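As written, the chains take the letters A, B and C, and residue 1 is the first residue of each chain.
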Amino acid sequence: MELYSPEGLRIDGRRWNELRRFECKINTHPHSADGSSYVEQGNTKIICMVRGPMEPAMKSQVNATSSTVEVNVSLANFSTFERKKRSKTDKRITELKTTLERTFNECIMGHLYPRTLISVTVQVLAQDGGLLAAMTNAVTLALIDAGIAMYDYVSGVNAGLYDQTSALLDLNTLEENDMCSLTIGVIGKSEKLALVVLEDKLPLDRLESVLAIAIAGSHRIRELMDMEVRKHGNMRLAKVSV
Amino acid sequence: MADLIVPGDKLPIEDPSTVKTTIGPGVYKMPTTHNLIPCSSGVITVETKNSNQLVYIESNNKRYIPHTNDFVIGVVTGVVGESYKVQLQDFSSPVLLGFMAFPNATKKNRPNLKIGSAVYARVLQDIPEIEAELECIDPTTGKEGGFGLLDESGYIFDVELNFARELLFNPKTVFLQLLSTKCQFEIAIGINGKIWIKCGEGLKEKTSDSMETDEEDPATNIKDLRTTLAAANFLIKCQHITQDKLKAELTNAFKGI
Amino acid sequence: MSRSIEISENQRKFLLESLKHGFRLTDRPFDHVRDISLYLSPTEYGYVEVSWGKTKLACRVTATVTTPYEDRPFEGIFTINSEISTMASMRFDTSRSNEEILIARIIEKAVRRSNSLDLESLCIIAGEKVWEITVDLNYLNYDGNFIDVGCFAVMLALHHFKKPDISINGNSIVVHDINERQPVPLSILHIPICLTYSFYNLTDKESNIKGEDADEICLLDADLLEELNRDGSLVITLNKNRELIQLSKNGGLPISAQQFLELTFKSMKTIDQLTDLIKTKIKEHEELRYKTENFKLLEASADR
């Protein structure tokens, strides 16, 4: 089974620069959270819920000048191909959680909410590649739904390099296991990178091409998220104005 | 006479019951037997004058314990009730500086310190069971007397405790005299091992008024900044070199300015 | 008891103002690493102490014979233990903070996951006996930047270590003492080196995110004061073959893609220097050992 055929088709029929099916919804849990979202990137499915700004539970979380962002990541046992029990203090989960906290601390206008806590819960229902990217997108949408002041969207996507030559956009699990994968989080329509994670070997001279397609992919995802947010906004506006 | 002494050694003094003895830091009088024993290791000094003997031990540590009447530099870390929470050293217990412990302070007239500000204060109370307290009033005059906010144009750095004592209490200290040959400076020394120093104008904040004179400002701005940093680096290095290398170290620290 | 380091506004302002004018508080150039001092144990194999400025740590490699994992019968076992105790600084207490976990993860990704140590060469009898190599990192003093120093120390220690020679008699193996037969060095496929860049935003958040110019200051190898005041960091791990082993920018101040690419290319110079430093130091040490322990005699008897 070839991951990238000589005709330029991948195993799911996509070309090198095509994103997987991206579906998102916001305000999915209006009663259980201040802001919520649901994101599907291919077969990766993520629910995100945001509570806050609210009173911090622990005194150590109180920051006199800015809000504190707390992220909790939970990977469901059934989210991968084989059922696997995961502990909450798993190193990989801690790394994902810290990355999300530090990314959104920069994008939220924290100085408007001093001494408060913004609690973000990410629940992963299915993993099929691009986990960090999909989580970033889900958190962005949930924060927008919660009405928390932000500078801009943070959209994430991953890209990889097949066989040292071809860059591929938006990898699924099979592709991720076989080649290096670069996940980035881009701010809005600019080329500013909020987060960059590369976990396998990539030749330095190929970095630029992989980065370029990843940035283009992030911009496209931002457009798709923006369309959904505006659609939802217009729907609510229509309900209000008679 | 400069000798090394370690706890467990016998003090090289005359029997205190026959000669009037004054003890200083490092010597402990046992409450039950009234014996004098050394309780810290360091250099022991015994001076005899007019049939009175003075004995004390000079030692060096890095961890400061607050004692009444000490002059210290603290960093404000928060507000607790009617006082500021101030930290004298990394990882030490915080101490309190009351809102009213400033000259001309009233209930309506609060001092203007924010988190991260540095203050020069005097230790008022050091009861071991509760938190120590500071105040920013000179006890003799009731006025400011040099205490209060240390402004942000000066640089703060840490030194070991006996070096701070040397700088503060020795009027002929060779380090500051040598430094004064290179630059003019304002200095505040805290016995808790923190020193605040400013050469010239130190760090000048760029205000909107200085936009017109932008061409010449950068050059003078940096000079004072660099001089202050050079002076601080020189003093830090002084702690660990011998006296004969001082001049060389001074030229080294100030090269390029 | 306060377990934190409080930075006064004075220190912070001096640091940012100096960076704005192009120099660090310690007068080191922005893209230079601190002074490195290395100690390789002359008596035993696999113990090194590395200091970058005042940050110091000790690294020890040990090997034991054990059974391999069931799903990988041809590979040896390689683990890295990196726990920061309060000895390094009072900031690190018994509970593992997020920062410690990140440091351990990055070093693991750089060294273990990238297969810098050839695991198949550790196999003795397939499916039954393999070498288990354990690397223990002991952090002795914290003055910023544990990641880079940690990775460097692990690679140096792996090069310094030699495992005892083995001869196989049917199903049983004989492990020869290091004084009996010359021990064998490990098979290291490539040398990953981590470099941590720290970012500082001199304007406000909005101009950084919305603005066009790249005004962010970028420093290599931050010491304690610089690390406590930074707004973001990026860890780049490269080896001499121009392969990117891993990249970690876990959030923090956003930087432009252009600046990011420039940093990765600029790093190659420092990577080359550090890799050469490891190689020359090991070579010097080998030559010294050869002379002092009269390996010539040992070789002579082995030839016969």
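Following the convention adopted for this analysis, contacts are C-beta pairs under 8 Å (C-beta built on N, C-alpha and C of every residue); 3 or more make two chains touch, one makes a residue touch a chain.
In this text the structure is predicted, and so the values were computed from the model without any measurement.
**Q** For which pair of chains is the number of C-beta contacts greatest?
**A** A-C
**Q** Return the chain whose centre of C-alpha atoms lies at maximal distance from the corresponding centre of chain A.
**A** So the chain farthest away from chain A turns out to be B.
**Q** Where the centre of all protein Cα atoms falls, which chain's Cα centre is nearest to that point?
**A** Smallest offset from the overall C-alpha mean is found for C.
**Q** Rounded to the nearest whole Å, what is the centre-to-centre distance of chain A and chain B, using the mean of the C-alpha atoms as each centre?
**A** 51
**Q** Centroid from C-alpha atoms only, then distance chain A to chain C, rounded to Å. What do you get?
**A** Taking the mean C-alpha position of each chain, the two centres sit 30 Å apart.
**Q** Just the number, please: Cα centre separation of chain B and chain C in whole Å.
**A** Result: the chain centres lie 39 Å from each other.
**Q** Please give the residue numbers of chain C that touch chain A in the complex, ascending.
**A** Touching chain A from chain C are residues 98, 101-102, 104-105, 109, 113-114, 205-206, 208-210, 231-232, 234, 238, 242-258, 260-261, 264-265, 268.
**Q** Can you tell me which positions in chain C touch chain B when the two form their complex?
**A** Result: residues 1-14, 17-18, 21, 23, 25-26, 90 of chain C touch chain B.
**Q** Which part of chain A faces chain C closely enough to touch in the complex?
**A** Those residues of chain A that touch chain C are 91-92, 94-95, 97-107, 109, 151-152, 182, 187-188, 190-205, 207-208, 211, 215.
**Q** Quick one: in the complex, what on chain B touches chain C?
**A** 75, 77, 87, 90-94, 114, 116-118, 150, 152, 154-157, 196, 203, 218, 221-222, 225-226, 228-229, 233
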